[in-house]
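Down below is the structure, laid out as structure tokens.
As written, the chains take the letters A, B, C, D and E, and residue 1 is the first residue of each chain.
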Amino acid sequence: MAEAIGWIGAVLVIAAVGLSIAGAVGVLRFPDVYTRIHAASITDTGAASLMTLGLLLMAGFSPAAIKLCIVWVFIMLTSPAAAHALAGAAFGSGHRPVLADPRQPSEDEA
Amino acid sequence: MTLALVLTPYVYGLGFFMMAAGLLIALTSRHLIKRLIGLGVFQTSAGVFYILLSKVSGGTAAIRLEADSPAAEALASRLDAAYIAAHGVDGVVYSNPLPHVLILTAIVVGAATLAVGLAIIVRIRETYGTVDFEEISALEARALRDVREDEA
Amino acid sequence: MSLLLASPELELVFSALLLTLVAGLVVALLAARSVLTCILLMSAFSLTMALWLMTMDAPDVAFTEASVGAGVSTMILLGAALSSTDVIPSLRPGRLWFPAVACLAAFIGMALIVPDLPVFGDPGSPPSAYVGRLYLEQTPHDIGAPNVVTAVLASYRGFDTLGETTVIFAAGVGVLLLLGGQVRSPDAAPEDVSLRASAGSPVLSVAARLLIPIICLYAFYVLAHGEFGAGGGFQAGVILAAALILHALVFGVRETMKALPVGVVRACAALGVLGYAAVGFLAILNGGRFLDYDALLSPVFEAGLPSSHLAGGHHHWGQRIGILAIETGVMLAVASTMTAIFYAFTGRVSRSDAAGAS
Amino acid sequence: MSPFAGAQFASPEVIQHAPALLIAAPLTAACVAALSPSARWAWFASLGGALVSLWMALCLAAEVARSGAVSYAVGGFAPPLGIELRLDDLSVFFCLLVSVMGVATSIASASLLRLELPERDHSLMQAGFMLAFTGLLGLTATGDAFNAFVFLEVSSIGTYALVAMGASQDRRALTAAFQYLVMGTIGATLFVIGVGLLYAVTGTLNMADMAERLAASSSDTAAIAGLALITVGLALKAAMFPLHAWLPGAYSAGPTMVVAFLAGTATKVSVYLLIRFLMDVAGGLESAGEGLLTWLIAPMAGIAAIVASVQAVFQTETRRILAYSSIAQIGYVLLGVTSGSVAGLTAALFLLFTHAMIKTVIFLSLGAIDHRGSRLETLAGAGREAPWTIAALALAILGLAGAPFTAGFLAKWRLLGALADDGRIWAVVAIAASSLTALVYCGRILETVLFRTRRPAGATISEASPAALAAIWFLAASSVWYGVDASALYDLARQAAASVMGASP
Amino acid sequence: MLAGGVAGLLVAMGLMIVRLLRGPTAYDRVLAVNSFGTKTVLMIALMGFAVGRPDFLDVAIVYALINFISTIALMKVFRLRSLAEPLARLSISREAPDG
């Protein structure tokens, strides 16, 4: 039984890493700051949650489990706040999001 | 063991490369802040060399584990008993803790040097108006020439 | 569980991979043309270096590298970079030639001695087989703290750590001498050039108000936990300073200075180092050597204390209390010095900026 | 027989803890100085710290004379686990040098600071000075290689900021301090990498333990590379010839109190570390220690003696002349050190001590007479306004030039004798040529200060304050005394040289 | 198995560095460093279990905090050109457009 839980945990961890890589690719491919912030912060918090759940299954009841939850709480608290502040700062300093407007070339080509 | 023989020159080589690169930036960059960053890389690379000496293959962090704790058994399971008997302490193989203590000091010394260096740079920027090394030496050369002219 | 563990060889490969990432960042640093990119690369460099230290079984060093390197160094680098031009002028190739050859010669010279150095991860190398092993075997009998690194740092080589705390204090004295002139008292703090603020976003101030007490509590946990897991006086001091810096970043330096004026911070730095030296003098008064924690408690008093379970009942209360006392001194000195340095940089820059802007 | 044999300065309990108190006293004084509200209290703290460490140095000198090397295991753990403070004759010689210069500078520091810096900076300047003093004392006393790096950094990080504080007088202090910081940190980091290499070969950090294991070690190339890096790092710190670029700027622009203390001690302690590592620790590796000394340091020292003296002649600013003369003097000392004979090393150490006294007197008196402007002409005819200070300055300049009946003359005479006996004629020629050029710039300074009258307007000169005068005349008088009867200092130097050279026959 | 996860995270961090170097605007670079930091936190947690020493998570907690604080500092530098003034009154209005 313990072995099975361990394996489920490992699968969750691999899923989290997959999500993280997807986010990274998104940050590279997306046209402008706002979509990149979107990609980065969504996948970071998602990957953190999946990873924490997976490792919790593997750690069982131990001090490490409590620390894992603390790490999860901190990431949940800081990552969205940082993303919000970043988007606010970018908007405040005059960056316009690339709306679905064919006339306006995306930032990378400009 | 062949893996270790391949990795050894590679890892030391990277450490010495960081030393040479840090030294190059510290000696040649025209922007004073980048010089300090180069100096920081040079000091950190000295730490890399020490930590490379401390690693024991199969060893774990120098925080003593109870011999019978689950973590110790999991670690022991991936090494053969002779290796643990020869190089382990109370059934667990640890890496060498001494370089870790020394590098804690080196990191703090690096931060202290960086703080004082940046304070001097802020003062230089306020008196000379620039942080470009060559502009500053040009300013000083001209000041020296003015002194000589009004003396002659 | 063991199936999932990485084999020792895999660990060596991972550390080599991470070191390659670190070297890649150094190459990027060589070519960087803007100071702010350099600072960002330096922050990433510290984070990756700390990761590499984790694979090299050095959690304490990873802790310090992350908090000092990525945390405080980035702050003061930004403080200084704000007041200077961002573009890095490129060097005329003529002048680059000689230092580049010198550094290359140094690199080749060092590479020649690699065959003579111990093999990477070799348990029988002189450092690991001699003093390193002695520390691992002696610590339970002499000190009884599970974390051997903290035991060596605080007790065996406590004099080194006293010197280290003095280095941080000397840096604090130096920065306050150079930049501290204007930030004497809270009202002399820089008047804030605030933009015509419409409804500011409360998200950050709420997040900060929630996080700052947790970070301070965590700093004291790291201080107390130093003997059992990764942690200690330095790391705790830097985390406490990071909490104060967060408060200064979100609520403005003037608010933080009202809470902790520069005079108090400067006095705490001196008191931290004095506290450390006082523990040493107390040991001398009790008949032991300088910084000999066994002499701190009189044997009669120590006999009454419960024996610690880990070290087979051997009484180590003198060492335990000595280590905790000096770690508190180190934390006080490091936290207040880092805060004083942050005050000096931010207090100074906004004034010249304000002067520049008007 | 050491002059301190049989002397008793303190009760046995105090002597037993002398090595630790030697370093802890100035450290505590630095903290008290930083905490003190007024400049006066900071001065008392720094004076107290300096006097206690001088007292401890005297106790240790007596103890070492009586019972050989003193070993003090800090924290109660014997080496190789704990850190050991080990003082033999050589360390005690440099301990005395640093604490005597520290007390003299501390006595004169109050008036010097009042002339140059605003009141609010005085307490932090005294704290910084005491931290540099702690670092240098720690360097002379420690027996642990990495501990030496930590104290090297303690002494130098304080001084970078102190040198930069000269910006209130001369804005070039900032760029000089930055150059000093970059070069000094590169030197210290090279030193720590060298210690790392020696640690990789021997596995220990205690110098005595390292010396034994080096003798028995098989892998020589890493050890030789380690020693080479340590030599280059310390050469940077000691401003040896090709790596001396930072010294003239730092010495000419820094505040007087800092420059006087640095000129007397900082480069000297780096020379001590060079002797300690190349002769004591590398004793086993005959080829490495001797090779580095004869083929790397000796030629550089010879070139330094000549080139630095020539450059000194062409300088127009007073302190720059003296800075280049310091580089030349370091060249003389290293020529003596690399002579390979006990007589040569003894003459070098004697010259080192007298040069430290002379340079401290010169810089203290230059600062104490409160003259604005760094050019030599601003000092014209200072003898009339400040007779007592200028008399001491003249005595010291004579000593610097090596005029008869001064300690400088005796030191050079014995050094030339020792080098001639070792058959190092090229070194004798180098020192002789350099001394001749020294006569030129010393003569120019004397002529300006004593006989010339016309001085550019506005360069006011006033007599030094009583405290500064006391410190200046204490050192000037002792430098003359050692010119006449050098037995006391010379015996001390011979004991120190014998303890190191004796170690490696 | 966990080692595969660590390798995957390493790839993701490498991509972040590419964005850090290429990022046209300063806010892309700040985002890259922030995301790099969060991925490092996950890496630490995963590596702690892969190496069999789960009590390394203290370091992961510090990472999360330091990463948040340095992101705010970097953002203030790019947005307000000063570290000293209060952020609570971050202006959403459109004055001071800069990169």
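Assume a contact is a pair of C-beta atoms (placed from the backbone, for glycine too) under 8 Å apart; a residue touches a chain by one contact, two chains touch by 3 or more.
These numbers come from a predicted model, not from an experiment.
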Quiz item: Going by the stated contact rule, which chains contact subunit C and subunit D alike?
Solution: B
Quiz prompt | Shortest contact path, subunit C to subunit E, counted in steps | solution = 1
Quiz prompt | Between B-C and B-D, the pair joined by more C-beta contacts | solution = B-C
Quiz item: Of all chains present, which has the mean Cα position farthest from that of subunit D?
Solution: A
Quiz item: Whole-Å distance, subunit B centre to subunit C centre, using C-alpha means?
Solution: 13
Quiz item: With chain centres defined as C-alpha means, what is the inter-centre distance between subunit B and subunit E in Å?
Solution: 22
Quiz item: How many angstrom between the C-alpha centroids of subunit C and subunit A?
Solution: 28
Quiz item: Taking each chain's centre as the mean position of its Cα atoms, how many Å separate subunit D from subunit E?
Solution: 47
Self-check item: Sequence positions of subunit B contacting 2 or more other chains
Solution: 19, 23, 27, 32, 53, 60-61, 63, 74-75, 98, 102, 105, 109, 112-113, 116, 119-121, 123
Quiz item: Among the residues of subunit A, which are close enough to touch at least two other chains?
Solution: 10, 58, 78, 81, 85, 88
Exercise. Provide the list of subunit E residues touching at least two other chains, using ranges where the numbers run on.
Key: 1-2, 13, 30, 32, 48-49, 51-56, 58, 61, 65, 67-68, 72, 78, 87, 90-93, 96
Exercise. For this structure, give each pair of chains that are touching.
Key: A-C, A-E, B-C, B-D, B-E, C-D, C-E
Practice problem: Would you tell me which residues of subunit A are touching subunit C in their complex? | Solution: 2, 6, 10, 58, 77-78, 81, 84-85, 88
Quiz item: Tell me, which parts of subunit C touch subunit D in their complex?
Solution: 109-110, 112-113, 116-118, 125-132, 134-135, 138, 142, 155-160, 162-164, 166-167, 169-171, 173-178, 180-181, 184, 266-267, 269-271, 273-274, 277, 280-281, 283-284, 288-295
Quiz item: Which of the residues in subunit A end up touching subunit E in this complex?
Solution: 10, 13-14, 16-18, 20-21, 23-25, 27-28, 33, 36-37, 40-41, 44, 47-48, 51-52, 55, 58-59, 62-64, 67-68, 70-71, 74-75, 78-79, 81-83, 85-86, 88-95, 107-108
Practice problem: Give every residue of subunit D touching subunit C within the complex, in rising order. | Solution: 17, 20-21, 24, 27-28, 30-32, 34-35, 72-77, 80-83, 120-121, 124-125, 127-128, 131, 134-135, 138, 144, 146-147, 150-151, 153-154, 157-158, 160-162, 164-165, 197, 199-205, 213, 219-222, 225
Quiz prompt | Contact set on subunit E toward subunit B in their complex | solution = 51-56
